[in-house]
Every structure is written in C-alpha cells, then in structure tokens.
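Heads up, the next two complexes both have chain A, just with different partners, chain B and then chain C.
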Partner chain A sequence: MSAPSLRVRECDLGEIKQRCRAGQLHIDYGAALVRVRSPLDPFARTLQRTYGAFRLPHSAQTECADYHVEVIRPRGPRAFIRPQSQFRIDGIQPFDPFPLTNALPLFEWGVNWCFGQRANQYILLHAGVLAKGERAIIMAAPPGSGKSTLAAAMMLRGFRLLSDEFGVLRPETGDLVAMLKPVALKNQSVEVIRAFSEEAVIGPLFTGTRKGDVAHLAPDDASADAIHHPARPALVIFPSFEAGAALASHRLPGKDAFAHLAFNSFNYHLLGATGFEAVADVVAACPAYQMRYSDLDAAIRHIEMLLDDAEAVAGAQTTEDDG
Partner chain B sequence: MPLTRRYRCLDDDGGILFNETTWKTHILTASAAIVYETLVEQGGGDAITMDEATQVLRDALDLDPDTPDIAQLLAMLTTLGVIRR
Partner chain C sequence: MTLRRSPVLRQLKMTAKANIPPNAQRSSPMPAPVHITHRSLNTRLPMPAGHHLLPLLSDPAHARQMQLADWDSTLRLARQARVLGMLAHRLQAHESRWRAIPERVRGHLQAAINYGAYRAHLVRMELRDLERALPADLPVILLKGAAYLLQELPLAQGRAPNDVDLLVRRADLDRAEAALKTAGWQMATQSAYDERYYREWSHELPPLRYPNHPLEVDLHHTIAPVTSRTRADDALLFADPRPLPGSRYRVLAPLDQIIHAVIHLFQDSELDGELRGLVDIDALLRTHLRTDGDWQALIERAHHHQASHLLWYALRYCCDWLQTPMPEDLTLDDLAPPTIARAALDWIFTRIGPPRLPETRPTLAQRLATQAGLVRYHRRRMPPALLARHLLHKGWVAVTPSNRQSAQ
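And then the complex of A and B:
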C-alpha cells in the first residue's frame, strides 16, 4: 500500500500555482475527480487555503479525471477595464463570468454545476450529509434554511462531513458517497461559524456575489482522509433555522420524507425506477424528522440523540428479524 | 404493452408507487394505500374491472366509491392499470 500523499496545505504554494498553470492540479472530491487549470495565482492561493486538508491524488489516480475545468481570465478590452474570471468545462462556458476577485466562488459553483448536471450514476439528493462512524445523517432543506451552517457546525463538533450540498447515493449499494467540498457560508453565517469554533479555517470573504457575501469553510483532516469511505443512511433531518426559536422536532411520515427527498433531488426525474427504489430504501431504513432550531450546539446534541435512538430501533428490528 | 409499477408500503405511513410506463411517482396516504393493496390482492396480479373495484370498496372496506376523493383515487388506479379500462 502506498504512503499517503501530501495534503494541499503541506505543498509549497509555488508548486500549487505551477500545477494550476499547467493544468496538473487534481482534486479528489470522493465522488468525482476534477482536473483544474488556472493561470490565476490568487485563485491558487485561495484554493490552497480552502482545500488544505485534501491530499493530492497519487499520479496513478489522475489518469482519468471526471471533469476537466479551467478558471481563466478572458481576453479583450474588458479585461483591462473590469477584469473577470471565467469558468470553463470541456471548453464550454456554462455561465457568465464573475469579477476576477471572485474566482474561487465561481470555481465552487462551477464544480457544483458539473456534478449536478453529469453525475447521473448517482442519485443526487439536495442535502448535506454528515456521519458518525458508518452512520450517516442526511440533512435536506431548501436554500436559506441554515443547512450549510448546521453542517459546518457539526463538522467542527466532530462529525465527519461528506458534503454540505449533495447527498450522493450509490444505487447499487444504498451507501452515501462523499462529495467533499469547502462549505460555502453566506452572509451572517460566516461570523456565526467563526465565533462557533476557533478550529474553523475560513477562506477570504467574497462580497457582493449573486448569493451575497460568501466565505468557504475548509473541510477538516478527518473528513478529507475518509473521502473514499462510504456511510450508511441512518437518519434524515429537515432542519430549519429560526432566530430565537426553541428547539423542536417531530417525526415525519415516510411518504412525506420520500416526497421531500425525491422531488427536491437534482436528478430523481432522470433515473426512473432506480431512483425510486434507492430513495424508498433510504426512507424505509431511516426515521425522518423536521427540526426547528436557533442554537447550533443544542441542535447538534438533539441530532446525536436522534441518531442514537435510530440506531437502537434499527438494532431492535434486526434482533426481531433474526428471531 | 403491459403496465408495470413498483410499490413500497411504508408501514402505517402510506405507500409510494412508481409507474414504470410514465415514470410518474404517486404518493399514497395510509387509506389510499389500503385501497391499492386490497384491489391488487383482489386482482391477484391482473387488473380488475371498475364494477369489481367498487364492489370491493363497498363490501371489504365499507367505502362509498361515489365520493370525489374515492373517484379520484379510482381514476388514478385505472391509469396505473390496477383497474381495467
């Protein structure tokens, strides 16, 4: 077995810049391998900070990347007046350029776009996924519900982060696969998470993006090292943040959990019976709760309790089945 | 072409049904799931007639097939091939 490769933060910045320029920087997200080319040195610097825990893949792994992307500075007179950054995949530019200073958010959204559009070998739930050991918690909620903030806080309290955006379900096995990326914190969430833990490694603040002010929380070493360890769905939570609200949760009927998960998925409609069976298996295996919260630590303790309860019930069912 | 469908019962929470012909997913309430399961059992794998279905609803489930909700459910089950057109 080969020795673990260097983490991105352990590499010299000059090497990261050079790899970026040459199109030889590969990022292993777990569910996808991305080859990155960019001549933008400030982009390489922010990449090194926010992907610091990731290990550079061994060369044998990099022979076949899933996506080949570029973050470049477009040419033309505009480049001198108002410099921009452009995201391209396979030579295609899927969306309009961003200001040059916002190359990292552009890259992050670009990779999300590629994965959401193309990774149809998986069922892509619109959900964050965290795990304790092999037990995964699927956190599904619409944008603005505080899902990413809660996912960030959970990672900082010792949960393993698999993704804050994609619940990547492998239909053949029913496992959840990591699509580990920096957590995009928006607006007030940036300061909330900064104050929540001194361990939080947060990249630069990008102001005035299409989603407001954004900064990226770097995944921790434990999450990055477990990037190829799948987890079993154990609990489904639909969180919603409400300032000042007392913590409350209630169990959702399975059919409602199914509807929320399936109909908000990125690609359920494309996968037919495969998607149906996979999401139905999740709902059958996991209790689902709607949870309202305002205090992050209280919410995390509650989720831990629900996870332990779910495990106890699953254990009792297994015993009954065996008996 | 035979209509095929996949059904999953979610304990007391109702059921979910996938129509492999249209790729539409149907969410069944607990009572709709009971109607579905009863009619499928009655047909033994084949579609039953509307007359048979209404008879089963009256006799086995004590339901009035003429209420709007039940009529809507029966129409959906006809689309799904549980009830013969």
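And then the complex of A and C:
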C-alpha cells in the first residue's frame, strides 16, 4: 500500500495551475476519474478551494482516465468582448459557453453531463447519497426541494457524503458508489449553509448562472478519503423543504417508492431489466419515507432516528429469516 | 507490432504491382523502403488506431497484451469510430479474457453494451410500429442495422443503429410512403429543391419520423443513388430476398448484404471517420461466407452489381487492417480498379478513415484528404452536369441570407 498522496489544498497553487495548463490534473470522484485541461488560472484557483479535500490520484491510476475534458477560452472576437469559457469533452462541446468568470459552474455542470450521458454501466438515480458507516441514505427529490441543502447540512453534521446529485447503483452488487463532487448550493441555500456551520468551506459566489446564484460547498476530508468504499442502501428519503413547516414524515408503500426512484433516474429507461431489478432491490431492502422539513437540525435528527429504526427492522428480519 | 501476412494480401499486392520488400509491409514507424518503384500507399497500419484498436478488432485476444495506459486512447478512438459497443461484446464473449481487462475499462465497455442494447430495443419497437402501419401485402426488406439485428448476426451486438432503413420496390414506394404518412410518420419540411433531390436523384425518400420517436425511418427503393456510378442491379436485389422467421420483414440475400455495405462505405460515404463501415463488412464476410465457393459467388455478385472495384477496396482494407480470413487461392485480379483510382483512394482513406484522437489537430494532409473524400463522394454520386448544377444551387443557398432560412 503506497502512502496517501497530497490533498489538493496541500499542493502549491502554482503546481495546480501548471497541471491544469498541461492537461495533467486528474480528479478522482470515486465512480469516475476525470482528466482536466484548462489554461484558465482563476479556474484552477477555484478548483483548489472547492476540491481541497480531494487527494491527487497516484500516477498508476491516472494512466487511463474516464473523461478527458477541457475548460478553455474560445478564440475569435469573443476572447476580448465579454469573454467566455467553453467546456469540451473529446472535442465535443455539449453546451453553450458561459461567461469567463463562471468557469467552475460550467465545469461542474459539464462533468455531470459526461457522467449522466456515459456512465451507463451504473443505474444513475437522481439523488443525494449520504452514509453512516456502511449504511447509505438515498435522498431523492426533484430540483428545488432542498435536497442539496439537506445533503450539505448532513455532511457538516458528520455524515459521509457520497454525492449530492447522483445515486450511483452498481447493478452487480447493489452497492452505492461515491460520485463525490462539491455541493452546488443555490440562491438562499448559500447563506443558510454558511450560517449552519463554521466549518463550511464555500467557494466563490457565481451570480446569474442558469440556475441563479451558485456557490460550491467543498466536501470534507472524511468523505474525500472514502470515495473508493461503496455503501449499502439502508434508507430512502424523499425530502421537501417548506418554510416554517413542522417536521413530518410518513412511510411510503414500496410501489410508490419504486416509482419515485425509477422515474427520477437519469438512465432507468435505458437499462431495461437491469435497472428494474436494481431499483426493486433497493426498495425491498430499504424503508422509504416522505419527509417535510424546515429546520435542518431537526431534519437530520429525524433521519438518524429513521436510519436506526431501519437497521433494527432489517436486523429483526434477518433474525426471523435465520429462525 | 508485426501482423501475419495472408496470401490474399500478397495477391492484392501483386495485383497492385507493388514492389516492396516483404518486411517493410507493416512495421509501423519504420523508415520507408528505399527501392520503391511503384508505391502502394496502403502498406502500414494507420496511427494511432493501428496501435491497439485495429489489432483488437482483428482479434480480441490482443486485449491480453494491453496495459491500462493503452486503453486510455483505445477507448476514445473506439468511441470516436462508433465501434466501442461492438468491441465490448467481442471482449465480453470470452470470460477469462473479460476478467483480465482492468475494471475501469470494463466499466466503459459495459456501459457501451448497455447503450447498444437500448438502441437495439428502440429499433425493435420502431419496427413493431412500422409493421402495423405498412400494408401486409407490401414486401418490405430491412437494410443495415435493422437487418443485422433481426437476423441476430454477431455484428448486431453492441452496434447502435442511428435509424431504421427499409427497402421497397420502386413501384411500391408511393403506397408505402402514403401508408406511413396516414399512420402518423412525418417528413421534416424540406426546400422544394431538397425534396426534388431526394425524389429524383436519390435512392431514398427524405427521412420520416413519428412525432417524439427517437429514430428516423429511411424509405429506400434501391441501395445506391439513382444517378451514381455504381448502380446495384435492382432486379437481382428483389429476386432473392430472404424471409425472417416469425416476421413480416425480409432481408437481402447474404451476398447482397455484403455488396450493399461495400457500396455504402466506398461510394455512399465521405470516408471520413468511417471505420465502422469496414468493421461491418469484415463481420459480414466472416459470418456469411463459409466456403471458397461463397467467395467466388461474392465476386460474381459484385460484377453483376457493377461493384467489383468497390469490393476490391473493401477486401483489401479488411485484409490489411482487420485481418479478415480469406481463402488462399482467391484471385481478385478481375476486380482491381485502375492504378490511379486506387492510389487516390488509398491516399484518402488511410488518412481519414480511421479515428483520430479528438485533441490532435488534423494534419494538412488529413484536411486535404477530407476535402478529397467530399469531392469523390459527390463525383461518384452524380454525373458532372448534374453535380455542377447541384453545387451551384447549394452555393447559392449558402450565400443568400434569405434562402438560408428556408433551406434550414
């Protein structure tokens, strides 16, 4: 076993910039290894802040990257008038350029796009995933339900973050794989999380992106160090934020949980029977709850309780089966 | 890397009257042999696809020789050439070989297999819908991807078709079109010129699509454009279609499937990034031809369809790049195209046929070859007068802003 490599924040900024320029910066997200090239120094600086906890992968791992991406400044007149940044994978430009200053949100969106398009060896649920030890909580909800905010808060209260966007299910084992990325906090969430914990490391605020104002919460060291440890699905939560609402949750029948999970997936339609079985296994193994919340700490305490209950039920079932 | 040389390759080389020392045939970056009097251009594997992608497509056992670092560019090249899914199936067919492939690489291969299965499923669903729409007494022949799929050819595995190609007799074309339109398929709006181009000079109608369906349907009445140099013999095509068990659809006779793939690649494409066309032909040859007699029959069939020169190119590249097994005593002299045409095609296809890594900028020769491929495509497709007219029209549309709107 080789010694752990340096964390990104422990590297000299000059080296990060140099690697970016040379196309030799590799980021290991767990489920994907991305090789980044970018001549944009300010982008390299924001990367260092939001990916600070990530360890630079060993050179043996970087021999083969999953995605080769570039964040560049297009040539031509636009290089001078309202300059832009452009995201490319394998020479393809999947979407329109962003303003030059918004290179980080562009990159984050781009990596999500690559992974969502290509990682069809997995079932990709549209869900945040957090874990206590081996036990994973799948939090699925449509955008705007406060899923990312709750995931960020849970990480700051000691849960391990696997992903705030992708529930990456490995069909062969039924495990959840980490796709650890900085959590994209939108609009009011940025201040909510800043006030929630002093330990929150938040990148610069990008105003006027397609999703409003965005800032990225850096994943913590424990989450970054565990990217290669899969977790077992233990609990499914469908959270919805409602200002001023009292905390309430109710158990969902399996068929409803199945529909919510499957139809909020990026590639369920594409995977046929494999996808069906994997989602059905999750629903069979985990109790699912709809949860309404307004206070983050109360929500987290409730989730911890539901997770303990789920474990007790699972334990009881095993004992019954044994008997 | 040295690859075994087959007797057919020698035959082909003899036909080409190439006077090259045998040991200079393949080795990749070796200096060119000195005593070349008549240069055959197609004597090395094109790079970078020649490092691992072509050897893997020739024989999946090549995977055993590959290190993790080799896969990095190979996966990207295979994706670029749209053969990743096909390659993945071939690698997965052999359990221990599959297990020996690094896990990260297997992830990409499995993803491509899953994606290919999804596309195949879409094709089957579209065919099911088309089956309901088309009159039962109207004979319909499937072409290319859909045909490979319903015949369950090894080639169909992992091959992700972009559209569904149907062939009907010219006499049935109007009826087939009307039936599909009645059932809800629609043609994208075309300019009057494009409409006429398709209907008078092409071999297919403008693409049809059922609203919100992911795949387009191309309705053909023959396999090569009406105005092109190589016109397949329609009477022959329609005389011998093969039924598919349990289906209303038919497919072309095996030899015609090969000839169609050959015409499609070497006449009906711009040759740029078209390695998949060659992989198709290689797989069809390996699947459909069992005996020496089959090979002779293929050569005769090519003569009948006026596609012998095109078949010669196909066999030569299959042999050179994909090591397609061929009978020892196969004589191809009758097929050989004129030297100058051969040199031109070699110059073009070796430069732009195989995939390139996306971040490497095309060389000047590659850019020129791309243009040449385009010119050749148009020259083969239309007689000079018609071509001049076509280019004038397209040029006019391109420079006139008001036309640009309507052309789109």
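As a working rule, the second predicted complex is superposed on the first by the 323 of 323 C-alpha atoms of A that agree within 3 Å, B and C clash if a C-alpha of one lies under 4 Å from a C-alpha of the other, contacts with A are read in each partner's own complex, and residues count from 1 in each chain.
The rule is simple: contacts are C-beta pairs under 8 Å (C-beta built on N, C-alpha and C of every residue); 3 or more make two chains touch, one makes a residue touch a chain.
The structure presented is a predicted model; accordingly, all values stated were derived computationally and were not measured.
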Practice problem: Kindly classify A:Gln121 by the partners it touches after superposition: chain B alone (first), chain C alone (second), both, or neither? | Solution: second
Quiz item: So, A:Leu33: does it touch chain B (first), chain C (second), both, or neither?
Solution: second
Practice problem: Check the residue A:Thr101 against both partner chains and state whether it touches chain B (first), chain C (second), both, or neither. | Solution: neither
Quiz item: Which partner, once the models are overlaid, touches more of chain A's residues, chain C or chain B?
Solution: C
Practice problem: Check the residue A:Gln24 against both partner chains and state whether it touches chain B (first), chain C (second), both, or neither. | Solution: neither
Exercise. Go through the superposed model and pick first if A:Gly272 touches only chain B, second if only chain C, both, or neither.
Key: both
Exercise. Mind working out whether A:Pro253 is in touch with chain B, chain C, both or neither, as first, second, both or neither?
Key: first
Practice problem: Go through the superposed model and pick first if A:Gln93 touches only chain B, second if only chain C, both, or neither. | Solution: neither
Quiz prompt | Touched partner set for A:Ser294, first chain B, second chain C, both or neither | solution = neither
Exercise. Return first, second, both or neither, reflecting whether A:Cys64 touches chain B, chain C, both chains, or no partner chain.
Key: second
Quiz item: Same chain A residues contacting chain B and chain C, which ones?
Solution: 269, 272
Quiz item: Which part of chain A faces chain B closely enough to touch in the complex?
Solution: 253-256, 258-259, 262-263, 269, 272-273, 276-277, 280, 283-284
Self-check item: List of chain A residues in touch with chain C within their complex
Solution: 23, 33, 60, 63-66, 68, 70, 90-92, 118-121, 269-272, 274
Quiz item: For chain B, which residues are in contact with chain A within the complex?
Solution: 6, 8, 10-11, 13-16, 18, 20, 23, 25, 27-29
Quiz item: Within the complex, which stretch of chain C touches chain A?
Solution: 67-69, 71-72, 75-76, 79-80, 102, 104-108, 110-112, 114-115, 117-118, 121, 358-359
